[in-house]
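Structures are listed in the sections that come next.
In what comes next, chain A is part of two complexes: it sits with chain B in the first one and with chain C in the second one.
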Partner chain A sequence: MTVAEKQIKKFSVKLGWDLLWERYGIATVVLIAWVIAFFFVPNFRNPDNMLNVIRQSAFVGCAAVGMTIAIISGTFDLSVGSTLALSAYLGLMVVSTTESVLLAILVTVLVAMLIGLINGLLITKVGISAFITTLGMSFIVRGLSYIISKGGEPVRYNAKAFIWWGNGSFLRIPIPFIIFIICALAGWFILKKTPFGRYVFSIGTNEKAAKVAGVPVQRTIIFIFIIVGLFTGISAFLIGSRLYSAGPGLEPGFELSVIAAVVLGGTRLAGGRGSILGTIAACLLYATMGNILNLLHADAFVQRVAVGMILLLALSIEGIRQRIFEHSSRRITTLEIEPNSNEYQGGQA
Partner chain B sequence: MNQKIFKLITALLVLSFVLAACGSSGEEATSESRTIGFSVYDMQYGFFQDMEAGTREGAKDAGYDYILVDQKSSESTMVSATIDLINQGIDALIISPFKPDALGPIVDAAKEKGIPVVVNDIGGGGTDYNVIVISNNYEGGVMAAEHMDELISAAGKPKKVASITCEASAVYAARRNVGFEAKIKELGYEVVATLSGNSQQEQGYKVMQDILTANPDVSGVFSCNDPMAVGAAQAISDAGLSGASDIFVIGFNADEIALESIKAGDMAATVQQVPFEMGKMTVELATQLMNGKTLAYDNAELREIFVPVNLITLDNIPN
Partner chain C sequence: MIDENNEIILGVQGLTHHFPGIVALKNVNFDLHKGEIHALVGENGAGKSTMINIIAGVLQPSSGRLIINGSPTTFQNPSDAQQAGISVIFQEFNLVPQLSVAENIFINREPTRFGMIDWKKMNEKASEVLKRLKIDIDPRLTVSSLSIAQQQLTEIARGLAFNAQVIVMDEPTAALSEREIDQLLSIVKSLANEGVSVIYVSHKLEEVFKVADRITVLRDGVRIITKNASEVSEDDVIFAMVGRALIHGRCPERKLGPVVLSVKNLNVDNFIKDFSMDLHQGEVLGLGGLMGSGANRVIEALFGLRDSYVDELTLDGSALAINNPRDAIHSRIGYVPNDRKKDGLLPDLSVKHNISIGIIERLKKVFWIVAENEQEITETYVNKLNVRCTSINQRILNLSGGNQQKVILARSLAEECNVLLLSEPTRGVDVGAKAEIYSLIDSLVDSGMAVILQSSELNEFIRLANRVMIFSSGQVKGELTGDQITEESMMALATRV
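Entry: the complex of A and B
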């Protein structure tokens, strides 16, 4: 073995641990949290409660699947909260006037995808940064939903066929959770099994290199935002159904919960790396923590602090991990370590 | 070496925050005693802090265990936190809903477990709740009208008044203006303007300016809430008049800004709601429901029970 080979060997061991944490770290934390809560938190083990936790994870979860794809590509979308409110509201309007659930699903999802398309076009064709575009869009869309609702009262609809989607169960498993898992599988498939998924990773790793390698960068980014819209629309429909209602002020700060869940799940904000499994686990962790704090009768103000601290802690684990990772190894070019990492499928497809 | 340190740190961090979350484990409710769950609108607001204090005291006095969750002004949190509450085996649910329209899943879940639902203020969202406790808004408007009549008669001013309303969707608050206008007309007054200020102070100011322009001889203004009343008083003082001696301004809520305004001599009076007493009353109603008694509704059709309100003037203002 040459010196270089030894170094690569040593590096790959470290990388293995690093990736292991990246992939399964949060999932492990969730399992540990569940085991501890099961034995020590009163009422947590009540099946109704545990089923409610996984139901709760789905509402942020579906949108987080789309956001994972966006963040892996090195971008993000701040307009998902407003998009959620507008599309859920329009969906409720449609279902309460036409009584057609199918039409409501279509309207909700298509409106959200349309907003995604506009975001994508503004970013790629006009050249405004994703941050500015989606921030501006979030104001526009939120404003629109107040205008359309003429001041802000929610629309209410409680026919069984509609509220089943957010409140029903199949074999006791909450419907929203089943849909969340289907979304996650779809997201995983898109990322891992399609050329589009490889483009996403390569743009996130190095956009210029991706362009040189022939990746259709602009088209991919437009599609990414449409996909973000699609998954946000699914969340919007589920939340509207869950609440039997939707108003233009629905879920303030939703975009931050979604982005936080994705980052908590180990997806790097800088792009290029991340996994759907991490996102699922993070959404479950988020819902679990909220539930545990309620079951422990934690004060509401303490809850706000706790949620912020959990997030900071999770992100600092990420930071500590990277520091150890960087300090303990000599710099080896990305190219050489690629074979050790499934996440690094950069370059051309 | 570094690997081990890293693993250790990770393990410690994970453990510490999981343990931190489990740190203050509450005692489990005994099966004999009853548990009351209260889901509050948002503990950031003084009104709901008072309501919560009343509910807690009522529960303590009755010997119940008491669990509180906070909706933090979010309809999603309202549903998830209240469902968490229901899943803890409570015997009665008291809720002041952030969005009454989203009460559906909560009331359905409670009914499924046979738990009575007492709504405290805001609204019932057209659901199958057992009872809703609300301030007697109509009576509050009547009290304001009577007091305004005394002031205007004593000052010998023209019998012309204006009424500033909240947004149309605030159905309970709208009853304040209805009560005021009904009583003041009965007392022989002309209501020269009824305008909406959408509950906002700046809009109260603007609306008052318009009223002054169109009706310079108006001698009293009733506002559906205090921020708009304070805004109106400001417009009156900008016109070189006083909201406590030239044009009598009466608000609703007894908000801090209104109390300050009354003390400063810019506003005549406000109507105070009593959230603490409302909280206590919900526990009494919950007790009756748990004991299978039928309630004496003030409005049986909508299962409403009214709570009296107080008039606050310079004479009885709390410090």
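Entry: the complex of A and C
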């Protein structure tokens, strides 16, 4: 029995390493990338540049917090790109006519949450799949923003109180990054500390069993989409403020960047597992790579190729890692049964 | 009965297998005569699966050897074993559901003509094999349209089509009803009469004694006994398996209290019509019947998993409406589903989170979970139910079947339910855990819980229930209490049309 227990310990340590990699792997990669860039990429170590990197990470980052919650529950939202454009546009219209930043924040966020609510209702009450619902919604919302803007003219507004949110700093730390970290803390709290968060994980790992265990599946899914809207709205406001403007064609492919960041951060697309920390790290990694390529004077198209390659590389490492781990975890499963029956015997003898 | 002089077709000598750091098999000897049915029994983790996997060529032993027809052999992979005439039917089917029965039987070895599959020949050959097994299945049907029992038989047919000399069956009756089990057992017997040797792996001793010529018991990777089935009793075998005698037999005296749950005219799916019952405090009411008889639907309807219509449903005298599992849990009705993997486990979550999921809203302050309370409650139940895990933060998927089942039970208990609906509470659970679950149910009922039990094992009713209602095609065919509850009386009612 003692031998068996030692073995279990040995393997739990292995298991621990695996969990460590799952939790902190991508964060480690970011640190390594920073260290390398710090020494080898000209101008990267300039503090202003590094602050710029973390500022850039926030725009995708806030929306990625919401998307992390959605993907952990086993669903996702393809409409966040269009939602971003419409809500940012409406927010800018409001701020440019009323000059009230508070009202602009409210409109931007509420519009995005309303779209989330509609998504959630269609998925749960009508029963259309999340893929189709949010794909359809992304066309509708994008179309609506072109219709409202009467052909695509962006709205501009550059009052200081407004552009401060995207461009300002507090104690040199960029405001968008502070907001991103607040969003991430909120997301972490929701996932780890509230019953709702527990429901998100349960639905993601086994929806039927979650239902049998009394989880309010439909209500949870509706809330998930509202939360995705909330965080997308925050991203929309920050981007509008950063650019002093917003048009209906804002940030094409934004939804895919967001999903890519979440998946790169180690959240499993099938649901049940994932972390906000991974998402933060992945957003920082994207921003860092973009920045390095800029500093090396690579053009925007090369940057796209690079982003795609990072994603594929990261996920193939993940795939290989999981295959290796599944192999050893199968062993662990058998191992743990054996000593159990040993213990049992021990108790009887 | 086997003849001592009969040739040994498969021998295993000094078989030892190490998994990293663990000895799964220790110096095991085993032999199989021609035409013999040799049962291999043991608790989960006793080493049965390891041994089957070695015989099937899936694993290579650390030491020891296999002797086939008198000559030492090593298998590098499963197809070597197949070549040697060994066919293994694993618990999980290896059938392709979208293909026909004939295609599955001849998968990878389809008879061809001009490089194309010769459908006519394949179907004819498949019919031949099926006829030999006295199975009435059209080989052109797709496997997904077959019942579980028919799929099981298709697996066996596939084994035979390889001209297998040895068939290894791993828990072949886990998903079958009583009647289907009998059919399967008679097929196994007739195979043996034709000279095929069978290694029969099972938890269910009743079946083992029905078919086996000899019985080998493994415990902790060591062979404990090999005996002719006629020379040992069931209790001897259980003793060998668990290392102690198991309290078997009838249910203890139940002290019934007032009516807790009362159902008047429950209708489910146009199948269950006007089902009524009163469940008392301290009672274990069995709902029995063959597979598909409707007993399970009643339980699912009571838990809000099926649409149903009921004239009157009262809990402790007050009317009640249950539209979904959430309503049921709020009314302190708990449920342990029969398909643990599909309906019970939250596989990626820890033991702790699996237990607390039903009460997580009761554990919150303002809107966050109070971690200490969650820890305390889950630890209480893990200790009470003797769940064996390295920590409550261990993933539930890494526990053995019996311990997973205890966690699912703990979930209902943590909900502090007064009525517990148990559907196959000991399916896929080893003998030791089974005994623990039985005595747990006894103590719960003693302290005033009311239980509705649905099971396909008649022994379970005899052991636990003070009253049994037997269903057949959606209707209650009779009610038995106390000493009336015997296998014969229950079967008689269950088979009444």
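Miscellaneous remarks
We take it that the second predicted complex is superposed on the first by the 313 of 349 C-alpha atoms of A that agree within 3 Å, B and C clash if a C-alpha of one lies under 4 Å from a C-alpha of the other, contacts with A are read in each partner's own complex, and residues count from 1 in each chain.
In this text, a contact is a pair of C-beta atoms (placed from the backbone, for glycine too) under 8 Å apart; a residue touches a chain by one contact, two chains touch by 3 or more.
None of these values were measured; they are calculated from a predicted model.
In the superposition on chain A, A:T124 makes contact with neither chain B nor chain C.
Looking at the shared chain after the overlay, A:S275 reaches neither chain B nor chain C. When the two structures are aligned on the shared chain, A:S82 is found in touch with neither chain B nor chain C. Once the two complexes are overlaid on the shared chain, A:R156 sits against chain B while remaining clear of chain C.
When the shared chain is aligned, no partner comes close enough to touch A:T232: not chain B, not chain C. When chain A is checked against chain B and against chain C, the one touching more of its residues turns out to be B.
When the shared chain is aligned, chain C comes close enough to touch A:G214, but chain B does not. The touching residues of chain C, counted against chain A in their complex, run 19-22, 24, 43-46, 219-221, 242-244, 303, 305, 324-326, 328-330, 335, 337, 342-349, 353, 356-358, 360-361, 363-364, 367-369, 388, 390, 397-400, 403, 411, 415, 430, 432.
Within the complex formed with chain C, the chain A residues making contact are 3-4, 6-8, 10-12, 189, 193-195, 198-199, 201-202, 204-206, 208-216, 272-273, 329, 331-345, 348-349. Interface of chain A with chain B (complex): residues 14, 17, 21, 25, 28-29, 32-33, 36-37, 40-43, 46, 48-49, 52, 56, 59, 151-156, 158, 163, 166-167, 239, 242-245, 247, 250-252, 289-298, 300-301, 303-304, 306, 309-310, 313, 316-317, 320-321, 324, 327-328.
Across the complex, chain B meets chain A through its residues 2-3, 5-7, 9-10, 13-15, 17-22, 24-28, 43, 67-70, 72, 74-76, 79-81, 83-85, 87-89, 99, 101-102, 104-105, 108, 125-126, 167, 169, 198.
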